[in-house]
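Note that the chains take the letters A, B, C and D in the order they are written out, and that residue 1 is the start of every chain.
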Amino acid sequence: MTAPIRIGMVGGGFMGRVHRMAQRLDGDYQLIAGAFSSDPERARSSGKALNLDPARVYTDFTTMAEREAAREDGIHVVSIVTPNHLHAPIAQAFIEAGIHVICEKPLSISLEEAMALRALVRRHGVQLLLTHNYSGYPAVRRARQLIREGTLGELRLVEVDYAQDWLSEAGSEGWRGDPALAGPAGALGDIGIHAWQLADYVTGREIDTLSADLHTFVAGRQLDDFAQAMLRYRDGARGRLSVSQVSPGNNNRLRLAVYGSRGGLHFDQESPDALWFARLGDPLQRLSRNGPGSGAADLQASRLPAGHPEGYLEAFAQLYRDFACSLRGEAPPDIALPDVDTGCRGLAFVEAMLASSQSNGAWTAPAYPTD
Amino acid sequence: MTAPIRIGMVGGGFMGRVHRMAQRLDGDYQLIAGAFSSDPERARSSGKALNLDPARVYTDFTTMAEREAAREDGIHVVSIVTPNHLHAPIAQAFIEAGIHVICEKPLSISLEEAMALRALVRRHGVQLLLTHNYSGYPAVRRARQLIREGTLGELRLVEVDYAQDWLSEAGSEGWRGDPALAGPAGALGDIGIHAWQLADYVTGREIDTLSADLHTFVAGRQLDDFAQAMLRYRDGARGRLSVSQVSPGNNNRLRLAVYGSRGGLHFDQESPDALWFARLGDPLQRLSRNGPGSGAADLQASRLPAGHPEGYLEAFAQLYRDFACSLRGEAPPDIALPDVDTGCRGLAFVEAMLASSQSNGAWTAPAYPTD
Amino acid sequence: MTAPIRIGMVGGGFMGRVHRMAQRLDGDYQLIAGAFSSDPERARSSGKALNLDPARVYTDFTTMAEREAAREDGIHVVSIVTPNHLHAPIAQAFIEAGIHVICEKPLSISLEEAMALRALVRRHGVQLLLTHNYSGYPAVRRARQLIREGTLGELRLVEVDYAQDWLSEAGSEGWRGDPALAGPAGALGDIGIHAWQLADYVTGREIDTLSADLHTFVAGRQLDDFAQAMLRYRDGARGRLSVSQVSPGNNNRLRLAVYGSRGGLHFDQESPDALWFARLGDPLQRLSRNGPGSGAADLQASRLPAGHPEGYLEAFAQLYRDFACSLRGEAPPDIALPDVDTGCRGLAFVEAMLASSQSNGAWTAPAYPTD
Amino acid sequence: MTAPIRIGMVGGGFMGRVHRMAQRLDGDYQLIAGAFSSDPERARSSGKALNLDPARVYTDFTTMAEREAAREDGIHVVSIVTPNHLHAPIAQAFIEAGIHVICEKPLSISLEEAMALRALVRRHGVQLLLTHNYSGYPAVRRARQLIREGTLGELRLVEVDYAQDWLSEAGSEGWRGDPALAGPAGALGDIGIHAWQLADYVTGREIDTLSADLHTFVAGRQLDDFAQAMLRYRDGARGRLSVSQVSPGNNNRLRLAVYGSRGGLHFDQESPDALWFARLGDPLQRLSRNGPGSGAADLQASRLPAGHPEGYLEAFAQLYRDFACSLRGEAPPDIALPDVDTGCRGLAFVEAMLASSQSNGAWTAPAYPTD
């Protein structure tokens, strides 16, 4: 290990804590600056709690980007953990300052914003990691690898759903319930985009058109708390995607199943050390993280022997670890880290879902960037 | 027990064996007649294998209906286990002979046929049981009861899917692959109608409109091997239904989840002794068959203590047992046995699915009978 | 099928109902006689409920054995479902009358009694089936086959336990709590002997010595409600056996794990369609009933496709079906039906457990018959 | 957060990496010194890889203890991750230098050594954490709390087993196979002591006597690869403990079940976010980490919402986090961190197991310290 990568943070709350744990786990990063709040007193106390130099604690991200860019010992990279509507302006400020970006999903609240960021990233030559953390799970990478190797044959069905129950009643939404802060998509933007990315990442297949139905069950809520779609893929596969935040008895039940002409697999985020796999005509197998048949892509993302459970934070940290390799110019295995392109494609998916649902389920093509 | 009910059978094959086991398990029926084949030699040998009086073994169902109706010791009821296209004509023959009918699903291959049978049943005063066997599971009845009692609050989401893999390759379809024998629906008619009935039975809610997508993945196959739909219920609930016979690693993975404002539940046909239930804000519970909190509806369908697994045949036999009560004029608990109305509604569902898919997913209302 | 085998029953209660369902499921037997009670009125009403000829309903087993033996159309076989203390005298009466016997476990309440029955069986040339029903599960037979084929290599560990909770409080024991009726073993005699037989059947290995500890937790109870032992096998394997009827949250949690130098397997009676199997160094596999890799021994015991659950009654019925083959002189696959030898060996195990526990865990050899 | 606690490390290998991740996750520690190898070149390169000041990288622990104790900015605490035989001498050196100790289990390779450390700890007033990491799982703490509150009633049965397969063949033992480095216990010392501590921690009950059987299956291996015991507790409960490193298909299958007069619970380390709990007569519940009914003891050990899996590293880090509170004089919830007393009691257990097995299973009392 060379010296840790100097990192700063903009934002706070629960996701801020998650990002900090992910930064620390493997020792690749050192948090040295932050804009945790626009309130000076809260910013100061957050900085103190994190043992930061008070001179590196800011109350606005613009100043932070400028000053950190100007320092010899300035941050190499910033992590953005604010409400959605600020992702793009903050990312823009740091990209323009030549600072790499780690951004919470969604990349922005519109495809237009996302495409603008994409252009900026290309222009400034910085790197951007979008923390679609589920792609950090070894089992997910193994699934991706099995499909890339053709183990499943011709893909036919892609089924992904994400069920939670924490919005079954009104009142817990916070900024996620406010379209001005969250953007136009509720459950869709919060977890639907994760479900989409998981399927996208594992299958490497693109949705041709989708037919969507969004709904809000809880009275007074402004954004969808349920969204589903039927999917048609470009290569002829079919699929479905369904997300709900009003499904009692589910916490973070994100599940993916993929079926092809020669085999099938399924994954459940709540038991992430297992990938279930069957070759057509053979018994169902439990592929364990770091167990028999593991390959480079998943072993590299595994820290512990099989049977010593890894979880959400390890997957999150894996993205940070892979991104550290990338920042250092080292070559990790072929892992396709979620980046600004992923972010644009995700927004294209979200906007296609919204448009289709507004058109009563008309089959709609996501406007994936083509250049 | 009074003397067993005299029963005859038309058809054979695997479902014939299942029905015979279901008839025998509880001792309510005695098989004494059958039309197992139009080939005299095969009919004779089947009858012999079943220890039947050769005089009660027929080579056509018309003769069987006439002669059995004419005998003092004729059958009370016939079970029909032929390919789909014969269900309606055979049922008609026995109904017109005044003989009760137990019929495999689907009731017929068109709604029109089904409605005609419904009129006949009413006219002749016979009883008809449609063997939607999953409604014989105690856990399914308990789920229905919990919903009827309002335990889940206002229903919001209904999710049902049925995945198999036995048609992942061409060649195993048998009569199920021939539209002339199976009707116009493939996976949809074979297992989709079961998925629909399970959701219909448990929720007691009616689909207002659906948007469907059917597909055939295996080259040369004439009927769909995959079907899915988004659902909108009359009371505002939403849902989805998905069936596939090309999902490697799945045998008979029929699953139902129902979520409401105050709780949720899910059921997996491959582990049928458990119903998973959560009140919003409480831990997830495993409700075991014949375990704590069981009620009349599910206890009546349970033969063994909790932990001694019951399965598919017991659920099948339960329909037979309940129907025996009905034939004898005894009153079982409020169990809503699948009947000719269920059959008509199922065909209305199937035809709505076909129509919607042919219209590229246009939202379509099932033509449920209204009188 | 030739005509059904004529069967009679002595005893009643829950196990009587189970045996009758098992007799009926496959159509091999017809119940035509019984001694259900020594009370004439109760005997009569039981016979009527079962639709029996009143002349074939008896109030004592001695008369029944004599009269049925004397009839041209007398029973071929009797099933004994009484409390334990009557197994031996009833079996003796029917054996001496030349009638085959199906007997609930344990065969008797002492090894001495069991050995006497064994001599009688040999002398009279009748067949005796001991209903250790768990050996009727296809997964159990497949486990046995894998071990016989050497798939697990040299056996090292055998672990079996059976946990229930229905005796967690005093008062539900019925005759099982009375040493005069149940014999000297409580949980040990009721479920310990099942656990022993399951391990014995699957592994085909004999216990050399065991060290046992029995205990009674519930005040006022006369017999053990918990029993455990460490096991040493003749070929060097080690093991453990543990049974409890005071383990809240368990219904009939009978589990077996066997490990060898080249692989391991485990089975859980509450999910009997699955056998979990791993070759050393390969992923864990779920071997499904009637799924890939099934062999003659388990296919023959399977009635339904994989994924349509079979359960306790099907396993029970399988013993009846296999015994019907045996009675008819047909050769079923090599299935080693539990018989009078199994019964003697089981009693030898029980008595070794009792003796070891009374000697504070002294290593004790079961007095398995040697001729 | 005040400044991180300065920590050093003696040892390396896999457990060294685990400890370093655990130190980093919550940001409470900063690793600034280490004796990673007695080979100067390897020590230097390890230090460099960890970005340490070369002056703080040592080649022997004695020098490290002296010099660090002498520095103003010396380490507050050392973590010992060497083979077992060095735990005691290294701990002694740091304790005598007034430096707190975090020590891998087992505390030492003999009870005598452990008792000597205990006296030293008392004399020097330092704190010692023994990393029995499974006691860091929230579900384990919740189980402990349920039992302390009497929810299970009078305890009756304690069942713990730990199955692995990585020593199914000869050759992978490393220092764990050498009695001079590992001590006299093989599987027993490696994982048996974890199983013991898990049961000890959760139940708070002490073993009165045990009857043990140890065995070595793999030819040429010097230490046990299998150990089991029957347990009798001081308050009348019974139990069993079983560990194996030769059970194919198992990775780290550590399971605990506890049953009492009013309820039962079980825990599986491979699915550590769940605690299964049943009140006698009520349905089985899945108590989720951070889910309904969580209490102070487990919430404090939880970093993420229910359904976002935590695992082994989080539990490990929890001990570090709790110990940081303790070092800072803050009061964490009543969590009973494993300490030098735990270490002595663990060695007493190990020695009782060895003695009992050597006496052919004689009931033996662990020589738990009594003052």
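Quick note on the criterion: a contact is a pair of C-beta atoms (placed from the backbone, for glycine too) under 8 Å apart; a residue touches a chain by one contact, two chains touch by 3 or more.
No experiment lies behind these values; they were computed from the predicted model shown.
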item	value
Which of A-C and B-C has more C-beta pairs touching across its chains	B-C
Contact-pair overlap exceeding half with B-D, pair selected from A-B, A-D or A-C	A-C
Whole-Å gap between the CA centroids of chain C and chain D	43
Distance from chain C to chain A - Cα centre to Cα centre, in angstrom	55
Centre-to-centre distance between chain C and chain B (centres being mean Cα positions), rounded to whole Å	35
Multi-chain contact residues (two or more partners), chain B	250, 277, 284, 288, 291
Residues of chain D touching chain C in the complex	152, 156-157, 159, 165, 168-169, 211, 213, 215, 217, 226, 228-230, 232, 238, 240, 242, 244, 246-250, 257, 259-266, 276-280, 284, 360-361, 363
Residues on chain B engaged by chain C in the complex (per definition of touch)	1-4, 17-18, 20-21, 24-27, 49-51, 164, 166, 250-253, 269-273, 288, 291, 303-314
Parts of chain D lying in touch with chain B, wherever the complex brings them together	277, 281-288, 291-293
